[in-house]
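Starting off with a structure, shown below.
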Amino acid sequence: MRKIDINCDMGESFGVYTLGMDGEVIQYISSANIACGYHAGDPQVMNKTVRMARENGVRVGAHPGFPDLAGFGRRNMDCTPDEVRDFVIYQIGALKGFCTLHGVEMQHVKPHGNLYNMSVGNESLSRAIAEAIAAVDRNLIWVVLGGAQSSLVRKIASEKGIRVAFEAFPDRTYESDGTLTSRKKPGAVIEDPLKSTEQALRMALDNEITAADGTRLTMEIHTLCLHGDNPSAVHHTRSIRQALEAEGVSITPLADQV
Amino acid sequence: MRKIDINCDMGESFGVYTLGMDGEVIQYISSANIACGYHAGDPQVMNKTVRMARENGVRVGAHPGFPDLAGFGRRNMDCTPDEVRDFVIYQIGALKGFCTLHGVEMQHVKPHGNLYNMSVGNESLSRAIAEAIAAVDRNLIWVVLGGAQSSLVRKIASEKGIRVAFEAFPDRTYESDGTLTSRKKPGAVIEDPLKSTEQALRMALDNEITAADGTRLTMEIHTLCLHGDNPSAVHHTRSIRQALEAEGVSITPLADQV
Amino acid sequence: MRKIDINCDMGESFGVYTLGMDGEVIQYISSANIACGYHAGDPQVMNKTVRMARENGVRVGAHPGFPDLAGFGRRNMDCTPDEVRDFVIYQIGALKGFCTLHGVEMQHVKPHGNLYNMSVGNESLSRAIAEAIAAVDRNLIWVVLGGAQSSLVRKIASEKGIRVAFEAFPDRTYESDGTLTSRKKPGAVIEDPLKSTEQALRMALDNEITAADGTRLTMEIHTLCLHGDNPSAVHHTRSIRQALEAEGVSITPLADQV
Amino acid sequence: MRKIDINCDMGESFGVYTLGMDGEVIQYISSANIACGYHAGDPQVMNKTVRMARENGVRVGAHPGFPDLAGFGRRNMDCTPDEVRDFVIYQIGALKGFCTLHGVEMQHVKPHGNLYNMSVGNESLSRAIAEAIAAVDRNLIWVVLGGAQSSLVRKIASEKGIRVAFEAFPDRTYESDGTLTSRKKPGAVIEDPLKSTEQALRMALDNEITAADGTRLTMEIHTLCLHGDNPSAVHHTRSIRQALEAEGVSITPLADQV
């Protein structure tokens, strides 16, 4: 039976500011990437979000980002690998505090925004992130973009003694080399729910992606990144989950796959 | 044989800003209270400071404070007990990441500045702090001001299932009720090294403090708070340690006492 | 003809976080209190909000708060009067930059949240705020809670050579001494729109407030504080404005009153 | 008579953290670049530093940086030109508040660290900075790196209607195209005080720089950037000033030159 994980970024509210429909989308996912107070989130939000994940049987992961709340971690910051390693250790550790509070075992670590983007294919940043994960807990699964960089990432994960899980994006188009089409190009985001649902099915059932230029790519995929930003996103996440289940795919957390 | 711990605040540098002579004072103490990025400290400083403590055989504790870098955690902030609990969980967790990195077991938690001050004798804040410590790791020792509040603190620690260690200040004068003389009053800080050394000896050898009005107080004391802010403070910390050892006191970390 | 100003807090979004329906409520007010990046707001939001106020013919004021984004400036912070003065100078100055950009003359300064609350009746904090306003621009009007503290505030404003405007809250109940009923007491906020509209009319037409215990208070009132947090608040602000205009009250910015 | 300005970064302390020997170096410079609370500085420090500049007859400039206190503004941040413009408006405005407090007219704006570096030769960032300066006060002088980018910068300054002043670095080596040698290359910083003094003299007397490869460059230079970070830097700044005066150069603020 084909298995796939569905992950979603959560816990990105801050103080009086609310972001995302966490309470809705949590029903349709298997893994939650929880912000750790750098690009978003605060201790109260982290506490509440870990509790909510536990109550919904959703696995918890750290979602560390750049220390840039004003930019939501979506601006490139030219940090050294040592800085990145320490930022990631700090944030995983902080979230672990709340996992322990709620008796939850942390499952994974998925970097956020431009920390994720900058590290794709970048050996020194990828190694810094893997080193941070391994340092805090070797049972944590490192979630990375699947495809083009998989051999690099596998090598680093193997060096550090951690597991890796590959992620794909149903609502994004891909280049023929397996990288995501830049958001600066038209068509980078798939707006049509039918098309992204179809892409999700191909990803989950066949490990297959058709690039923007028609090239057929095959890549290992363990988890699909979906969204809960607004009612339409939540609705779409639910639809994709239902379509996957209708095709016999088992929605399965990462820890039960890798 | 009489035992006493010597603790000192450390890791309070931030970015390009250096504070404290950590590399000097570490030689004379047995427990380091390491800032966790809220009132001071950053991930690079935390990493370096935990490593330095390990290399010097000094035990590591978390030193959580209010989220107020600009005020160095020395301004009262009217946070709810729930907020305080989550701030403390967050900061202990973050420092634990670096302890794991360096294979160091965290020993204790000592709140910083006005989080420490506001919690003295305050049942709801004290309970919030104790709850945070217990939630993350029941082996952590809660360091609190000895004397006046000891029965309250003992009750809370017992409820939460954690150990408590009582702290005294060789360079501060005390009121007859066992509280510290307010810094707003003249003479609150003992400037004369001979007098503070004498007070340290009385604290360590006899669990005794002579209050400003001459009252003799007896209280349980496990640790003395000393300083490494400047060359004179470091020199004084060394002198007190030497005086204690000359009197046969064993400088012993908290974990070997309580 | 009776004149009254309607003020509303605005520009409290931050980065990706949106707060308040500024674009809606701006149509119904005469003075906007714009956050300055301490308790809320960021440079992009400030720029956009000043422009929007100009386009809608609404006068602009600075809305300085404590440096506590995580607490939205709603926690007491024990800052010295000198710190408060400098925080306020900094924030007024920063907003003035955007006023100059858009060719807008800043009209007033209204402290936010607990900076406002802590300063009510507090001579040293009130003097610090007034000194900051006077230092940057003596044409700025200082907006303060009317009633109980009016003679203190008048004395300070006179010393510093600035004008003062008194504010009242249609949706809050008052004590017999003219202070606001604490939010910790039941009934502090008037939920019934008819009642708060009626109170707004009494405030604007008669300078009169009936306290919770029935006492009739008379106080000078130049501006009513209304809200734009959500659709219901915006609707209510519009209703109050319409009710005032139906009674012949002219909605008039502070600068044309004091 | 040859005139040159000497500028130095100041007011970079923050809260309890002290950086730079401002009180010493202020005696030897003619223009102070004062941090504005983003990469360094806080309202209390800004207040104090503007007052100190006035008391020493030193002209005041804003020294805006990226919003990155932890990185001291020395990390590239991928901000949009619109964000940069608003960051600069905000910071100039904030410092202007303290200038008004002390009756000081702000003279210039010099971006800090990597905001300065990233903008060199970058048309859109340079235009964003110039636009910010022009928006707040057309009398402000824009301080930029002299040499390679001078025609670009002149064009933009002319468009925006502001004056520009060219800066040179006595303690840095230059490439043959007039840019600074990257700090990543050996020899980028001139450690020998005699050599940097000699370079300062050539810059001030002849508008001439000899690049690392021996090429002689001629460029317009209005101000030399010197340092006050430590006793040796202060001593060196004094020596250079004395050497310049001994050669008949008049140390003259920018506003009296351009």
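Letters A, B, C and D mark the chains in the order given here, with residues in each chain numbered from 1 onward.
In the analysis below, contacts are C-beta pairs under 8 Å (C-beta built on N, C-alpha and C of every residue); 3 or more make two chains touch, one makes a residue touch a chain.
All values reported here derive from a predicted model rather than from experimental measurement.
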Message: Quick check: superposing subunit A onto subunit D on C-alpha atoms, how many degrees is the rotation, to the nearest 5?
response: 180
Task: Can you spot which option in A-D, B-C or A-B is basically C-D again, with over half of the contact pairs the same by residue number?
output: A-B
CA centroid of subunit A to CA centroid of subunit C, Å: 43
Task: Let me have the rounded angstrom distance from the C-alpha centre of subunit A over to the C-alpha centre of subunit B, please.
output: 39
Task: Pull out every residue in subunit B that's touching 2 or more other chains.
output: 70-71
Contact footprint of subunit D on subunit A as seen in their complex: 67-68, 70-71, 75-79, 114
Task: Please give the residue numbers of subunit A that touch subunit C in the complex, ascending.
output: 14-19, 40, 42, 69-72
Message: Give the list of subunit C residues in touch with subunit D in this complex.
response: 37, 43-44, 46-47, 82-83, 86-87, 89-98, 100-101, 135-137
